[in-house]
Amino acid sequence: MSLREVLTPFTAWKHVLDAPVTIPDPIGREAAERYRGFHQNDMETCIGCGTCEAICQNGAIDMVPVEGQVTEKGDSGLRPMIDYGRCCWCALCVDVCMTGSLTMSNEYTWVDTDPDAFRFIPGLEEPWKDKEAGYRREGGRELSGTKRSHMGELAPALRGDNFSEICAGFTREEAILEADRCVECGLCVATCPAHMSIPDYIAAVRDQDYDRGLQLLYETNPFSEVCGRICTHKCETSCAALHEGDPIAIRWLKRHIIDNVPMERRLELVGGAKPANGHRVAIVGAGPGGLTAAYDLAREGCAVTVFEALAAPGGMMRYGIPEYRLPYDALDRDVAVIQAMGVEIRCNMRVGRDIALDDLKRDHDAVILAIGLQMGRGTRIPGSEGPGVEKAVDLLRRITAGEDVPVPERVVVIGGGNVAFDIARSMARLQKATHGTVGVTLTALEDRAHFLADAEELIEGAEEGVEIIDKRGPQEVMRDASGAVTGLRSWAVTSIFDDQGRFAPAYDQADERVHEGAMVIEAIGQMADVSLLGAELTEALDWNRGRIAIDAGFRTSEPWLFAVGDAVKGPDVINAVADGHRVAQSVMERVSLQEGIS
Amino acid sequence: MRDLHANLKTRHALGPFEPRRANLGFVTVPAERLRGLLTELRDVHGFTHLVLLTAVDWMEDGLFQLTYLMNDRAGDRTLGVRVMLNRDEAVGEDMHDLWPTAATYQRELKEMFGIDFPGSPRVDEEFILEGWTDLPPYRRDFDSLAYSQQTYAERPGRVTHDPRAHMKSKLYPEG
Amino acid sequence: MKDIDERFQKNRDRTVPLREELRPRTVTTPDGQEILIEPLKDYFCEAAPKVHPKAYFQIVENFYNWARANSLWILGFGTGCGAIEMRPLMTPRFDAYRYGVQWRPTPRQANLLIISGYLSVKTLKRAIRAYEQMQGPKYVIGLGSCTINGGMYWDSYNTIKRLDAYLPVDLYIAGCMPRPEALLAGFMELKKLIRAGKAEGANKYAENFATYKAAQKSVIKDWDMPDYNW
Amino acid sequence: MTPQPGFQWIQILYALATLFVVLNYGLLMTALVQKIAARVSGRHGIPIWQNYVDLVKNFALRSQISHGVMYYMGPIFRLSGGIGLLLFVPTIYGLPWAQNFSFAGDLILALYFVFFGTLGMALGAGESGHPHSAIGVSRGLSQTTAAELPLALAVYAIAVQYHTLNIPQIVAAQQGGIAHWTLITNPLATIAAMFAYVGTMMRAPFDVVLAPQEIPIGPPTEYHSAYMALMQTNRAIFPVAKTVVYMNLFFGGASNWLEFALKVFALYLIPAIIGVVHPRFRVEQSIRFFLKWGLPVGVLAILVV
Amino acid sequence: MLSFQPDRSQYPQPGPDGRLEVDLETGKYLKLWQGPNHPGITGNMSVELTVCGDEVVEGKTHVGYLHRGFEKLMERRTFIQVFPIVCRVCVPEPDFNEYCYAAAVEELAGIEVPEMATWMRTLILEMGRFNSYMMFLGGISGSLGLGLVGQWMTYVRDLMLDRFEELTGARIYHMFILPGGVRGHLPEGFAARMEEVLQTAEKYLADVDRVMFSNSVFRLRTEGVGVIDPALFERFGVTGPNARAGGVVKDVRKDSPYLVYDQLDFIPASGKDSDIFTRVKVRRADIDNSIGLIRQILEKMPKSGPVMARLPNVLHWKIPRGETYIKGECSRGEYGYYMVTDGSGYPRRINVRGPSYTHAMALLEHLIPGTNISDVAALMVSLHTYPPEIER
């Protein structure tokens, strides 16, 4: 113990003169820029998907309805309520948030005598609501994938001259990757007209349990082959993953399930119909609405007969949608399952020509009209009457039926919907096969961003050589002296709707163009052919703007007659399927009621 | 490591060697050969450091797995020695004379899994829990959340809504 | 998160045997009397505290409350993680001493018990004992999520979920864990409560003693503890 | 040498006045020293009036429990030790009303009072039944005894030096400048006494009696509420009183309140300065320390005289 | 000189089951509890002492006050959900848990971590080690009554916590090392502000050297006290600074380099005497190591690059069956996670191997008998034990 050792400790006393390092006023001191403090939520961006609740390992988050937040497609109207009696500020909820609406401020002081006060809905009126500083996740959403999984497609060069199916469907690996991205929020279910159990069957893909997946599909939709290919997939527009990445490819996953269950296994999984109950139902039209109703009713034990005017069942699915989007054998497999339920489909039986509606009424307990929209609408512009101007639906039907259609070197299509693209791309294929070149011009009133057709139609159409010209209003079909079509004259569109939102296109007449072509195809809409009803019934039925009026149960004003599908509602296959279920339910109600009486 | 395994394999009736990394592997040994193996590893092969002793509950198979993790610092090798015990009457062999620290692990295993180690000091004394009356909590058939809910008062008043069901009730209640 | 196993039923039949010296017994006193003593009841957990009235004159009570507010003596009992944020308070950066906050090593001299987070059943027993040893008026602050509704240990078999079922809590501070600054804000809030005469947890505990004890006993099976173990 | 006044009733009032001054001074000074020590750590420390608030708070606590009569008496003994010590030494040399009862007491009585409080406390704390108190008491008694040894020797040395045990006379002998202080005239005795002073001020390295990290916090573990308040009062008075004794014996006393304040503060600061930068001795280490360093110096002081 | 050594032969001897026969009725012995509410105890644990005079004849460590059943809770949580709770296992140095857990998951799931993230992880771990040592110095000085050092060290630790806050967004539980990488990049100007903290730390540490290590009283209290015989190291599983203080230079960072330690330059501190003083001294030297390492990392680390690997959707993340053990050198010794997966979305079992488990239980109980009551706190602190990692 040297003297030095005794004395050195006292050197510490030099600090007595230093100013204290104490923070003068620590209460409420600003925390660091990225501090994970109290939550904030942007109410407008939040979609109430509940992913934050799912990931919270503390069970701190409840999804609750909030005044002012409306439940609508793609937004559950729920908002997270956080229990600060549970939260640990790990910010996993922020990291996983699908929209990036949930963030954290760097506020951290909350003192209260009431333990129940520590539950709050961020985004309402907390004092730190608009604070800028605080934890924001670095980069984008990383805890669930943002990029859609790759899927094989035929290259434009390989598909341009034939009707082979373009999409290969997911491989198992691709499907698992894609299914893995789903967060199972279930927002899509409300948007799907048929309310399919989307998250559940995606989970089945993830678990590689295709049997379970198929059963889930058939619970709500007997047309999975079809919908797995050509569904308008409105579900994907309300997918939570859409907000900071690609939406989940729900349609392709559906197709993936059906692709992976062989036909015989499907029948096994779906199971047989209930024992016959003695009721007989006639359905006019073997489209998606009619066949879905037929499927449901047959499973309930009814004897169902479907009368189809054309040579094969499927309606627009067969005669409207080109083969490259929906191969006929895929449709056939769906129809086969339906037939296996005991549904009798009688083709080439046009009601009103081959059999009278009255006969149907007499022989059956109920009749469902599912006649669809088979007649194309015309533009009624000068020159549109006469040869060389075709309706898209007619042409498509003829192509499917294998009839010869004229294939000029240049064709003009009027319309910007899926049908317009179907015919444009079909004609392009025929031209390529016949002439080796493509000469299709597609004109539409809308601008590119607002085309009614699916986005991939525009891309793929362009890839296949279709010239897409937006914002053109057709004015006249030009004909030469011989009356042969030479082209279409059009004006530029300045607006489509008037102030009241009514359809009233306005044109810039100075911007006039002539689209050259030996054929003009009108694809601007369809209408139903209701001639089969006969005058008496037409008179007796209630009508609504040219369509047969129906109630929520798809009952017409005649108790024995029901109507479903595009003819009364539209607009696509999945809606027809959803309505098919509903009309079947109504029919069942009616026939069981009759049973009670008799 | 593979050489070591080949060397010991027949003498100690070892199972196949399962490498995880270059310096980490696992091997299974019958319960009755354990002491011999551990002693040889410790005294001959330089695995002097008992890193940890713990158990894994393979309830479905009716087994407890005891893992003795042994480390040879000089050679930077770690060997996990696994012993499978019958879950219904799990009795392990006391190793506290080889490593005094093993007594602590064994006390914990007794309390948390119910695996007995006869002869281990203070093995029957309460270690972590106090006044515990239920199943040993680390067993798989003990449900922590259920126990918690049945025991501790929770603050009432929390309700959550499933987005899917909520949207159904709001948008399409009929079907 | 794994779903709850609905079949699981907690074992309610088994009880913990009492230590020999805690069992009720009769003893003969030196003067020949026979008395029955029940240690558990007599000096562990069932000796009910008294409700203490406020000072007769409001002005005196106000003065006392002012003094109580400005002399908060905290029991240095780190019951959980939050204790680590108490240390900065005692040290230069935050220096709570300047606000009249000090730490005492023994519960007898402390007025403020800070439950710094989760309480395992084993610690709950000690915390209750420490609380009962403190002299009134005494205050309890619950730190962080765990004291409010179980926090991140909400599904643990060994931690309580809500502190106010077992002890009267005056104040909660949100956080996991709350920062020292938030703790200071909590102290200031507690001072306000004390000055306003609203921090009467000790009396609340005495008034509802039976309720608190019942809750404590439903959780703590084993009341065995040495005389001077807190 | 000033004439010795006899006892008059007014002196009781005077003594109370002194007590009041010393109490307040003690409360403020201990807080100030705490603040200074806190500065070394780099913080502000308690507000200067904190001791008052604590005192009121402890009196204001509503509940208290007792462990028996001796337990109850403990703080009272302690306080009377402090007050007794103060009352039998002159606070200010030459100031008539601050002479207390110094005419009646002498150095031996003062030393008795130093021990009195400790012993009383020991009995009371022992009664509390807390093992930490008991250990603290046994540590405290053995350490204080060892620490007081050099003081006893120093007192013996100055008694020999000044041929009296009467404190006023010892103070009187040191008047007339710093050169007359015992510090200069008998430095060895002063050093020996300072060993005892530092050793009994309950600061590191000699605070193992209270060591919170080992036996929180020693004898007063079980004391609370008003008991605690009494002890706090004592803690304000006793160190000052003790310092006054040392000041009178070795540092020439104080002839006015300012000198008193400065000298007491300076003396009080010594253990604080040492304490802040040292850990504590174990009890047997501190005893050994006193016996090894304090005792020889004391013996030497006597020999020199 | 006086001898204070009592006659050991009078003390009770442990029976074959390790239990001591102590008859408290004789009045010769006293039961003394240190903790859980006790300023001399680190964290919420307790040591039950049987004392005879000032000498301890038996010490039993009691833990479980902080038991939350982590290993059970982890089995109930998905792989991402485990991430926020692991750090709670050890309060003063939480990052090590995050690293070990993340590394175990990455190894079993076969995830490659970007290089930038490994540097960031090393940085975080060294900052955590620094903080843990600051707590240690405060603790050991406090337990000996030298509160001043504790005040300074807590201040310095606070400054480092500010850097933590700025980097990770939290003060204590950083939750920054995520399976797959880390959560963010260095903020702008971080290195400069870190350098400031390190310089302040060095200034204070120089003062600590003067007040503590050249303090005769401190040396008297710690030299030759609490000696662990190096021959016992292997049997008691002594690792880290405790072993290094006894001349066994064990350091996982050197023995089995992980993260980027093989690219960094440092020499693990070591000593010979294996007493409290050497243990403190070794840790003091390791602080200098940490400071140097932090500087090296900030200098050598890449300036940009991704910090997260591509993870599968964490909401249904499954990891194939396997088991592994990940270890590292934390401030107290070898820290490890033993993890078993069974192919489901939940870990089958995770066992946390904290160095305190062996240090504070078997070793402490072995060391306590024969020491003075006053030394128990210092002895325990000098082993640098944190109760939460014993009971988890």
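As written, the chains take the letters A, B, C, D and E, and residue 1 is the first residue of each chain.
Keep in mind that, in the parts below, a contact is a pair of C-beta atoms (placed from the backbone, for glycine too) under 8 Å apart; a residue touches a chain by one contact, two chains touch by 3 or more.
Fair warning: this is a prediction, and the values are worked out from it, not measured in the lab.
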Shared chain contacts [chain B and chain C, defined touch]: A, E
Chains contacting each of chain A and chain E, listed by label: B, C, D
Graph separation of chain B and chain D (steps between touching chains): 2
Chain whose averaged C-alpha position falls nearest the assembly-wide average: E
Rounded Å distance, chain A centre to chain B centre (Cα mean): 50
Separation of chain C from chain E, taking each centre as the mean of its C-alpha atoms, in whole Å: 29
CA centroid of chain A to CA centroid of chain D, Å: 90
Whole-Å separation of chain centres (CA-atom averages), chain B against chain E: 23
Residue numbers of chain E (touch at least two other chains): 31, 38-39, 64, 67, 69, 72-73, 75-78, 81, 84-85, 148, 151-152, 155, 173, 211, 215
Residues of chain D whose C-beta touches two or more other chains: 38, 40-44, 131-132, 212, 216, 276-278
For chain B, residues that touch 2 or more chains besides their own: 129-130, 137, 142, 144-145, 155
Which pairs of chains touch, using the document's own definition: A-B, A-C, A-D, A-E, B-C, B-E, C-D, C-E, D-E
Sites on chain D touched by chain E in the complex: 40-43, 131-132, 134-135, 139, 204-205, 207-208, 211-216, 276-285, 288, 291
Contacting residues of chain C [partner chain A, same complex]: 1, 92-95, 98, 142, 145, 147-152, 154-155, 162, 164, 169-176, 178-182, 184-186, 188-189, 193, 198
Of chain A, residues touching chain D in the complex: 9-10, 12-13, 15-18, 20-22
Chain E residues within the chain D interface of the complex: 1-2, 4, 30-32, 34, 38-40, 51, 54, 141-148, 151-152, 155, 211, 215, 217-218, 220-221, 372-377
Sites on chain D touched by chain A in the complex: 36, 38-44, 273, 276-278
